[in-house]
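Pasting the structures here.
Common to both upcoming complexes is subunit A, partnered first by subunit B, then by subunit C.
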Partner chain A sequence: MPTSPAEPPAAPYDVAVVGAGPAGLAAAATAADAGLTVALVDDGPRPGGQYYRHPAPGLGARRPQALHHGWPAFVGLLGRLRAHRAGGRVRHLTERQVWTVQEAHDHPGRWTLHTAPTVPPQAAPRPGEPTTGEAPHETVRAHRLVLATGTYERQLPFPGWTLPGVVGAGGAQAMVKSGLVLPGRSVVVAGSGPLLLAVAATLSAAGARVPRVLEAGGYLSYAHRPGPLLRNPGKIAEGARHAAALARRRVRLSTRTAVVRAHGTDRVTGVTVARLDEDWRPVPGTEQHLPCDALAVGHGLVPQLELALELGCQTRTAPDGTPAVMVDAALRTSVAGVWAAGETTGVGGAPLALREGELAAREIAAAARGASAAGWTTAGLRARVARLRAFADLMAEVHRPGPGWTGWLREDTEICRCEEVDAAAVRAAADTYGATDTRTVKLLTRAGMGWCQGRMCGPAVSCLAAGSGRAPVSADRRPLARPVPLARLARLPEPAPPRPDEHT
Partner chain B sequence: MKQTVDVIVIGAGIVGAACAYYAARAGLTVAVVDRAGPVAGTTGAGEGNLLVSDKSPGPELDLALLSTGLWRDLAAQLPQGIEYEAKGGVVVAADETQWAALRSAAARQAAAGVTTREVPAQRLRDLEPHLAPGLAGAVHYPQDAQVQPALAASRLLHAAIGSGAVLHPGEPVTQVVVTPRGRIDGVRTPRRELRSPAVVNAAGPWSARIAELAGTTLPVMPRRGFVLVTEPLPRVVRHKVYAAAYLADVTSDSAALHTSPVIEGTPAGPVLIGSSRERTGFDRSLSTAALRRMALDATALFPVLAEVSVLRAYHGFRPYLPDHLPAIGPDPRVPGLHHACGHEGAGIGLAPGTGLLLAQALRGEEPAVDLAPFRPDRFPTPSPPA
Partner chain C sequence: MPRDPAGLVRSRPQPAISIDYAGSTLPALPGQSIAAALWAAGVLSWRTTRDGRRPRGAFCGIGVCFDCLITVNGRPNQRACLVPARDGDTVTPQEGHGRADLAR
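On to the complex of A and B.
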């Protein structure tokens, strides 16, 4: 039942949406359109997430849309969001991270989101007493939950990947979109996945030279499965647009090719590239040197599932080897009262995320009102989502790392940068002690124990431990989704004493 | 596939590893079976406490003193590091009442062979510069030490393998085979049948299930604990520091949530914050109640930690027996069955002593410490359901 915005702020929201990227924004705006009250929690200062990144107002960018496709859709969402915020239906909590979600013991089906301010990791700890009493918005309560928690980039290490000037492909794009800063003047783009073409287009549009785009997979593989392509003509057009943009700027795309080493002392000065066989093993004798002053590299995206996993949502291994939350046609997870949308359900791109956000919100509105009273059907939207998902799965399969990529590692190649653990140490843990999972490798080597909590090294550790470069990225439970200051934990509300009629 | 060995150890945690190590070095052929991999259970969630300070005079302290010496030897003998640190423990008293109780407890421990040093309030900060003001006093226990438990267990296991032991990870024991005359004959896993006249139950909090498979009972229950791990810091906590209140919590029988601060730095930089204990079965959900109390406790003892970020929280299940003593040695009810489990929160510390005593029992030698208090059949047999 929708509650009126005039109720005291302590009343639970109808919906809490975690993440303000395309899926979260669409979910929040659609839910509010339907008359529900919404808390939208996001770690960024401005809506848009990783996809609709845009410069801070102080930078004075006049045409951020020049770097974006689908900008009008975003502007439309922002307008709706603004109106709903003014109307009191949406509360947008910016720069806050949800570190855990709990179901209330006394109110099954009611969620409590515990949040903390987004703290830059480099912030130095300073002494101080914990204050008592919670700050505003430290906890958010809601009847229904939408997880739209987005992704991080999959990195596969190679010798030299820790050199300054080697940046994530998504990171390079974010630098340009939000800071209008280029990672270098001559930027090689490498890795795998459709993001590479977009990154190369963004970089060259912003004035960088992109000597080569190196795709480890083979785009020809798409042709083996024409069905999903034909049913998604928009995707062909999107690919063609990137390809045309790159051709105009004379950027060369090589498939089945990878950077196997970055060179330089203080900074990257060039890379060695090699052809890959079908299994992604570097083919000896095909090495070539490419000079550059930056390398943007990434192997697709990995859904961020900490909250979903801690809530107990069932997952699947997507065709790209990454874990994704399992959802039904209405985007319900296996946990009652929890929906998921966007990359959380499997990497599929912004157009799919926008529709999934909208679909989740419409399904929630229907559930909140009783389906018969809804008066609108979600059948058409469900069909569109299913069609786009089929294409996403095809794409995911094409770009899944092959079993042989570990062939470009050397024994001394650093795998975990935070804790400085090399490939030899990870392999030794697997071979000597039978550590075949990321948790045991972590315990024996410290790989994954640092600031990034395994986001950077996790996919590679999974592969080395399993002895195959094709091993799925493991979905490790992490009770704290984000780092939390001790003082924040100390301010948690005291749990209510059990009610007398309860058997404990 | 059938193989015959002198002893089968069920469990590749720290206790199973120590049993395998001492048995293999005593010349026995050993097979270690674990349903997951090494350190997959309680050991991987432990802090690595090697404590004498939290034990009253009696059988557990005797075992702890034996183990303390063995850990020192192991730290020198094991070829690769186990992050052994003879850092010492500091038990702090919040007020005069606690201080008096702590001093008399320390005097009794000293009489039993523990090294203790009283630290008056005004000298506390020489020992631990960041302790909160206003504490009544402390006792310093130089014998308390620490290891990184996963490293320690895996190095022990590796050394055991070097002495001929064989590890079968990823194989749950589906059957404990007993002869028609009631003697242990081996175990079955989905992949193999192992024959042996001796089986060691070192399955930690899952030991009750193994006892059941062998046709007997052992009332081991899980007692959940959380550990918080902070971001890496310069050394702000020098010793293993805990509050005198911890001593009462360890021996409490209550199922409800208890917390008491146990705080220490690690060689890698993060500060570890314990401890909570509650009997919730194998519930893996995060307890914000436990987090809150632990954060309050820790920042009360070390206010400097308030703005420090907790990077991770993890939980483990301590294998708990009703009288807080482990079960070590042969089980007279099932000849050939041995137990090495139920160490609660002290398993890392007590592992080498346990392993040594068990190896002695397996070879029919006189044990270095009297095993009578650790008899596995000391609990009343539960009456069959009506």
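On to the complex of A and C.
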């Protein structure tokens, strides 16, 4: 068994960026433009994150942009990244997940990022060889840290949601974008949030029939606060583009409507949809059956905050009820030396993420140089970020789940997919045993204790524990950002104690 | 001509590879994940849960939900949505925790 490599002798990077989606790419390219050395660590095999996810070279896609908006911006970033890699200023570590970050006090380079391959080596183990999948470890040291860790999808359970053929809306889009495959021929798209329109447009352009798009919220609510919309004409254009694409394919959008049950035994064969009242309570008597062979469902996005929470960054509850890292106008978190950009600071879409990545890098460059007059150089960018953030907040509020969605749960509806815990058990934990938070529900029922560590059931458990479907998503601390073998954990160096002059 | 994802991006893929799935040979395109290769063959579930023995497959598609766990070349609990398909891989549906070998 090879031993763990010693602390790498290489000099620390000026900046480590975690995540190579729109925000991380923009941050890495901009920091390198400013002359800083950058380590860009990403769990994917290719840059782009989920937004710019695209097929591997082997699939020979000659027009990957057919699955994307804003592709030229991505191509521009890739060009800058390539030049900086060739120039030795950027190191891009692909297919590596940061599973923990340690703060050092006894050597230069404040942050040490511990990474493990996203996918362990796949060679067949020889007889007698352990199959733990423990993979080579690599550490990266840097003076400053940018967290651009993106999101995953918020799921709200309903009867039948664990059937094969029921997939995340973002998941269906990810599978098309990278694998050029569809989950079925006839795909209902449901949930809430503007991502649904993009997913429906993608699936439909890729050849699926989309019998219906069901939005649980209402797009008319945007009109109640026209300010942010009028200041962001690009967002109106984006909405109009999706609407036109759907109309062209004769895809019908129903608002204030939800899938309240998926039917089938080994895979989904159809769904029951129902009208919702203002509070997202299903209206009895409005049920309708829609045949389909797949359902793409999701209720917005949840920022991935494992590293931020581990580092102690303060969070806020965004208007969609999800936790987000709190940042100041320079995108500094509450922890000195740590910046955050993109969806990590609150879901707001790719254009905002690109600008936040750029802004974080420019602020870092100014801080690194100790430039006191740097304020004016970023003032314009800060204003654009603030304008886009105002729209993101409106969008988040419009699509936030209403208090009544739990009305479509049945007692035997699975809440936790990993540990197979149903609604009756979670409700009993809350009602009979007095649990009011996800952690207590987990200890009583195992909901959230499985492989996904509560990422899928967490939003629902938060609601059931609080007794309201509008309850904020709990900012659960997970000591490790991804599962690692115990042997690896045992070899983690003990962090040096802080010097007396620090953290006083 | 029916629309499909490959046509949409004008895909001109490298020659297909093949993987063994549950005793049958399935084609895959180089660069596809195991989950994508299975979807392309119309297979949507390849795992049964530990308690209810219920069928599961890819759900989140980005490596977060771990619902798509599968045994690849004898190694259980691999995320099919992340593991690239390689020519000659032996892919086995996973039952329960995938560690029945330890009970022997």
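Definition applied: the second predicted complex is superposed on the first by the 452 of 504 C-alpha atoms of A that agree within 3 Å, B and C clash if a C-alpha of one lies under 4 Å from a C-alpha of the other, contacts with A are read in each partner's own complex, and residues count from 1 in each chain.
By our rule, contacts are C-beta pairs under 8 Å (C-beta built on N, C-alpha and C of every residue); 3 or more make two chains touch, one makes a residue touch a chain.
Every value quoted in this text rests on a predicted model; they were computed, and no experiment measured them.
Undergrad: With the two complexes superposed on chain A, say which partner A:456 touches: subunit B (first), subunit C (second), both, or neither.
TA: Touch status of A:456: second partner only.
Undergrad: So, A:417: does it touch subunit B (first), subunit C (second), both, or neither?
TA: A:417 sits against subunit C, while subunit B stays out of touch.
Undergrad: Would you check which partner chain A:480 touches, where first means subunit B only, second means subunit C only, and both and neither mean what they say?
TA: A:480 sits against subunit B, while subunit C stays out of touch.
Undergrad: Return first, second, both or neither, reflecting whether A:330 touches subunit B, subunit C, both chains, or no partner chain.
TA: neither
Undergrad: Touching A:114 in the superposition: subunit B (first), subunit C (second), both, neither?
TA: A:114: touches subunit B, not subunit C.
Undergrad: Determine, under the contact definition given at the top, whether A:178 touches first (subunit B), second (subunit C), both, or neither.
TA: Second partner only.
Undergrad: For the overlaid complexes, name the partner, subunit B or subunit C, with more touching residues on subunit A.
TA: After superposition, C is the partner touching more of subunit A.
Undergrad: So, does A:434 touch the first partner subunit B, the second partner subunit C, both, or neither?
TA: First partner only, subunit B.
Undergrad: Touch test for A:206: subunit B only (first), subunit C only (second), both, or neither?
TA: A:206: touches subunit C, not subunit B.
Undergrad: Could you list which residues of subunit A make contact with subunit B in one structure and with subunit C in the other?
TA: The overlap between the subunit B and subunit C interfaces on subunit A comprises residues 119, 125, 450-451.
Undergrad: Over in the complex, which subunit B residues touch subunit A? Could you list them?
TA: Going by the criterion above, the answer is residues 37-40, 44, 150-151, 154, 157-158, 167, 169-170, 228-233, 268, 270, 273, 284-286, 288-289, 291-292, 294-296, 298-299, 303-315.
Undergrad: Which residues of subunit A touch subunit B in the complex?
TA: Those in contact with subunit B are residues 100, 102, 114, 119, 121, 125-130, 310, 419, 432-437, 439-440, 443-444, 446, 449-451, 453, 477-480, 483-490, 492, 494-495.
Undergrad: Which of the residues in subunit A end up touching subunit C in this complex?
TA: Interface residues on the subunit A side: 43, 45, 50, 55-64, 66-67, 118-120, 122-125, 131, 133, 152-153, 162, 164-168, 170-176, 178-184, 205-207, 266-267, 417-418, 420, 450-452, 455-456.
Undergrad: Please give the residue numbers of subunit C that touch subunit A in the complex, ascending.
TA: Where subunit C meets subunit A, its residues are 2-14, 29-33, 35-37, 39-40, 44-45, 49-52, 54-67, 69, 72-79, 81-84, 86, 89-90.
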